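So that you can tell them apart, the chains are marked A, B, C and D in the order they are listed, and the count of residues begins at 1 in each.
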Amino acid sequence: MEEFTDIFLMLLLVAGSLAVLYVRNLFVATMLLSAVSFLMALLFVTLDAVDVAFTEAAVGAGISTVLYLGTLALVGSSERPAAKLSVIPLLLALSVGGALIYATFDMPVIGAADTPVQLSNLTKRFVEISPIEIGIPNMVTSVLASYRGFDTFGETTVVFTAAIGVLLILSQKHVRRPEEDEVEQSGLKPAAKDHGQVGSPHDLIPHVVSKVLIPFILLFAFYVQFHGDFGPGGGFQAGVIMAAGFILYSLIFGLHITKKLLPLRVVELFLAFGVLLYGGVGVASMIKGGNFLDYNVLSADPVAGQHLGILLVELGVGITVTAAMLAIFYGFAGRAQGRGKDVN
Amino acid sequence: MFFDHFNYWIVVILMMIGLYTVMSRSNLVKKMIGLSLFQISVFLLYISMGKIEGGTAPIVSNAPDVIYSNPLPHVLILTAIVVGVATTALGLALIVRIKEAFGSVDEEEILSNEDNL
Amino acid sequence: MDLILDIGTWISLLIGSFFLLVTGFGLLRFPDLYTRIHAGGMADTLATAIICFGLALQSGFTLISVKLLFVVIFVFLTSPTATYALAQAAFVAGLKPRLDGFEGPSEKPATNNDDD
Amino acid sequence: MTFFMSHAPVLAIIIPLMGAPICALFRGKTAPWLFTLILSGIAFAYSIDLLIAVSANGPISYEIGGWAPPYGIEYVADPLSAFVMVIISGISTGVLLYAKDSIANEVPTSRLGFFFAAYLLALTGMMGITVTGDAFNIFVFLEITSLSSYVLIAMGARQDRRALTAAFQYLIIGTIGATFILIGVGLLYVMTGTLNIADIADKFDSISDTRPIRAAVGFLIVGIAIKLAMFPFHVWLPNAYSYAPNIVTAFFAGTATKVSVYLLIRFIYTVFGADFSFGTVYLTELLLPLGVIAALSMSVVAIFQDNLKRLLAFSSVAQLGYITIAIALATEAGLTAGILHIFNHAIVKTGLFLTVGAMFFATGTTSIKALAGVGQRMPMTSFGFVLGGLGLIGIPLTPGFISKWYLIQAVLERGDYIGYGLAIAILLSSIFAVIYIWRVVEILYFHPSPEGAKGSEAPLSLLIPCWIFILGSFYFGIETSFNVGFAEQAAQFLMGAR
């Protein structure tokens, strides 16, 4: 039964991505990509990767779709008719695919219990010993925040990099092109201008519903943040949900109100604070005599130390991700605002 | 036998579609979409490695005789997803600026635009 | 007792799936945006509620049922709101509904909302 | 003291890493720059310490999180990684000395905090790639470097909007390359069940005869080749280098591709082992022609460029061709020459880009024609360029000569016609280098300044760092015990490891 679900989902994935390739309207392509992400998340659930599914749903189907839509609102959504079948890209893609197909024939069977991956010492350690020496039930969180804590530090840094990158790129002044002035004079406004608004002005129903929902969204974010030790979830997913709450707020009530609540400068502070909190836990463990990110020394009892360390670094991840997603959203929305006619 | 490597074949197909989209389409947004597709396919490659037949999610439960799937690929892919969205955000920000600077997000139009700079 | 619960679950799941199927047909077969989101918004909400009810029968009085209840409440609030927002946006953008006995040319604006 | 030394491998990474968020909060012109300079200097000091410690006592391993190697992430400083770390942090520090006035000219003051934060992140990423002993951790740090470099390159858009398309092109190609590396690491993991590089290397021989491993080798080599701008994958590099802000170009020219070269060496010699790489999958036969084509064709292309930065960028691709040849020789002499050329080319090319940056600072252009007569107006800068150009060509007493000398010796060691052919190709490529450098020098000195040409000598704050690099390159060309010594040590270590 489970195989059939998997196979059905995977065939849908292929159909979805082929559709992504062929549709000409970029809005449609974006929505299809979002659907592909969501299908992928479902597939991850059947493959037992609940944490990954959660993240993929929040990020692939959520945040990236918002980013794509924001971009399309600014750059227009029609694609020029594609040229004929391009031979060289096709050959390159086929040869890459061929290399992987070549590899799969010797690859261990999926789901088998005797593959090198399942028999590896690492797997044994993570599955059998980590609940004892780390003391939390969710092994993914243990591996993520403790055994491979440095990867996660790097990941937080990547998010930080993207956020300051987007702010840097989108804060460059918009220099008008000569063609643009011509367009303006001839009365033809670029299509982007009409869509470049953030916030829907006078809609009673969304206002009321979002007022009811947003507190719960934020509450849910905290639940995901602090429940990550016991179930799927953790700093990253929580950060994305938290940011989604604020983004929803500013879509409904307008960007300027959100910016009053959380000015860009404050967001930047949080952005930096999260990374520093993560690194700070590492430095604290160094000062206490352990290696970098060695949580055992944070408390007299190693397991308690691990708990404390994981709690703090996950918090750091959550703060940075929230701030980064908000900063990226501010970057895009600010651009739209600068170009749109008026916003509220 | 046929289903032993089925996931991997799907990975390959998605990967080829993604790569082909990146390389053959001249619209920059479409290129980014293809790139996202390409990255998503790799996530499936990793997650399939960690699956174990009859296993459950790697969260300790009280039920007896549970087999847990391997948590390590999950951790790696969590990181990779984050990296993916970071790349997407940067790429899209660049596209917005390119649209402003060149008046187009089509690679060929931009190239012809660059020539008569 | 278990048998009754199982039968109840099956019935709920089948009814829910039926409504979802109807939603799908509606999205494909209805003529314009407004009727389509009508199909998507209404039947979908009901189907989710029924399916969640069926699942709750299986889990009994546990935390899982509470979570399912939350899911139903959430969908019950958001799905109609989203439908409303979509219709509102389409209307503001100038998309005229296609009315009975009126096959005016105005229902084909330049936007691409009609794409399948 | 012991605290700081015992944590040196990780401190060299986390000091710039944790400095970045702090730096992002700074405002003003001087504070972010000074902060970055200090942190980069500290990282440099740690790297030198590490190099000395490693060359005296052998590789140093550091267990992050206190987890023993295959379970946690291990940091390993060995002769090669410590040497590359010194190069990266040294170049970074030198470029930063120069950065203050140069970048103020190109990036709005209000954004300097973010700009230098991105710079620190790029530095962090490169240092992390170098010192990590974990295959997946390489990917994470690679992405930190890549993302920050896309941003840094795009910052050139204020001068030339094409910086945006260059950055986007690099983003697409670079992400494909990084994803290839991710696939390669995944395939290695599926066959070995581990991510630790030393652990993979241990298990490698027993499973090296399987198809996933061969595919993994393919994906890793192609992925790294994309990041390295190896010949058929070099298209992103000239654009990126031409339109990036000057200090970014100088920084990346000296470091970014070198890190990729390091990764190539690390995978070929440490993970796969030389026997497998050159005996089983014939990397020599694959890489040698690519290296030769790059060295020859890119030198020719460089001759016809009309933008000075672009010319130097193509010359970089050609020089990477030399390094590729050296690695593909699969001998200790070849490897020594390759590692030596990483060092020598880094210092020379950075110096050259800094002088070009100084010319840009004074004249506002890098178009070769528009720089006519700069030799008279900016004598010190132009003379620096000439000396750097000599180093690039490989005149005796310059570092370029030393590494080419070692390279030619290494190819002649083969003793067959291919060896002679390679030697001739290297000499031919050097002759092309003479042509493209001479073309620039002729215009700088012997063409009259255009009417109303602006620009006089660059300020000392730019000149001094330029000359540090130029004179430094001569120092290492004459007193070669430092660079040759450490390159030989690293090569011996790598050849002995497997």
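By our rule, a residue touches a chain if its C-beta (ideal position, glycine included) is under 8 Å from a C-beta of that chain, and two chains touch if they have at least 3 such contacts.
Here the structure is a predicted model, which is why all the values come from computation and not from measurement.
Comparing chain pairs A-C and B-D by the number of C-beta pairs in contact, the larger count belongs to B-D. Chain geometry summary: the mean Cα position of subunit B and that of subunit D are 28 Å apart.
In whole angstrom, the spacing between the mean C-alpha positions of subunit C and subunit D is 56.
Contact of a single residue of subunit A with at least two other chains is seen at positions 100, 104-105, 107, 115, 117-118, 122-123, 126, 148, 151, 154-155, 158, 161-162, 165, 169, 172, 175. Residues of subunit B found to touch two or more other chains are 19, 22, 49, 72-73, 76, 79, 83, 86-87, 90, 94-95, 97, 101-102.
Looking at subunit D, residues 136, 140, 143, 147, 150-151, 154, 157, 161, 183, 189-190, 195 sit in touch with two or more other chains.
A complete list of chain pairs in contact reads A-B, A-C, A-D, B-D. Those residues of subunit A that touch subunit C in the complex are listed here as 23, 25, 27-28, 77, 200, 203, 205-206, 209-210, 212-213.
Only residues 19, 22, 28, 31, 35, 38-39, 42, 45-46, 49, 72-73, 76, 79-80, 83, 86-87, 90-91, 94-95, 97-98, 101-102, 110, 114, 117 of subunit B touch subunit D when the two sit together in their complex.
By the touch rule above, subunit A contacts subunit B in their complex via residues 3, 6-7, 10, 13-14, 17-18, 20-21, 26, 29-30, 33, 36-37, 40, 43-44, 47-52, 55-56, 59-60, 63-64, 67-68, 70-72, 74-76, 79-80, 82-83, 86, 88-90, 92-94, 96-97, 100-101, 104-105, 107, 109-113, 115, 117-118, 122-123, 126-127, 131, 137-140, 142-144, 148, 151-152, 154-155, 158-159, 161-163, 165-166, 169-170, 172, 174-175, 177, 179-180, 192, 230-232, 236, 328, 331-332, 335. Subunit C makes touch with subunit A in their complex at residues 74, 77-78, 81, 84-85, 88-89, 112, 115.
Residues 136, 139-140, 143, 147, 150-151, 154, 157, 161-162, 164-165, 167-168, 171-172, 175-176, 179, 182-183, 186, 189-190, 195 of subunit D touch subunit B in their complex.
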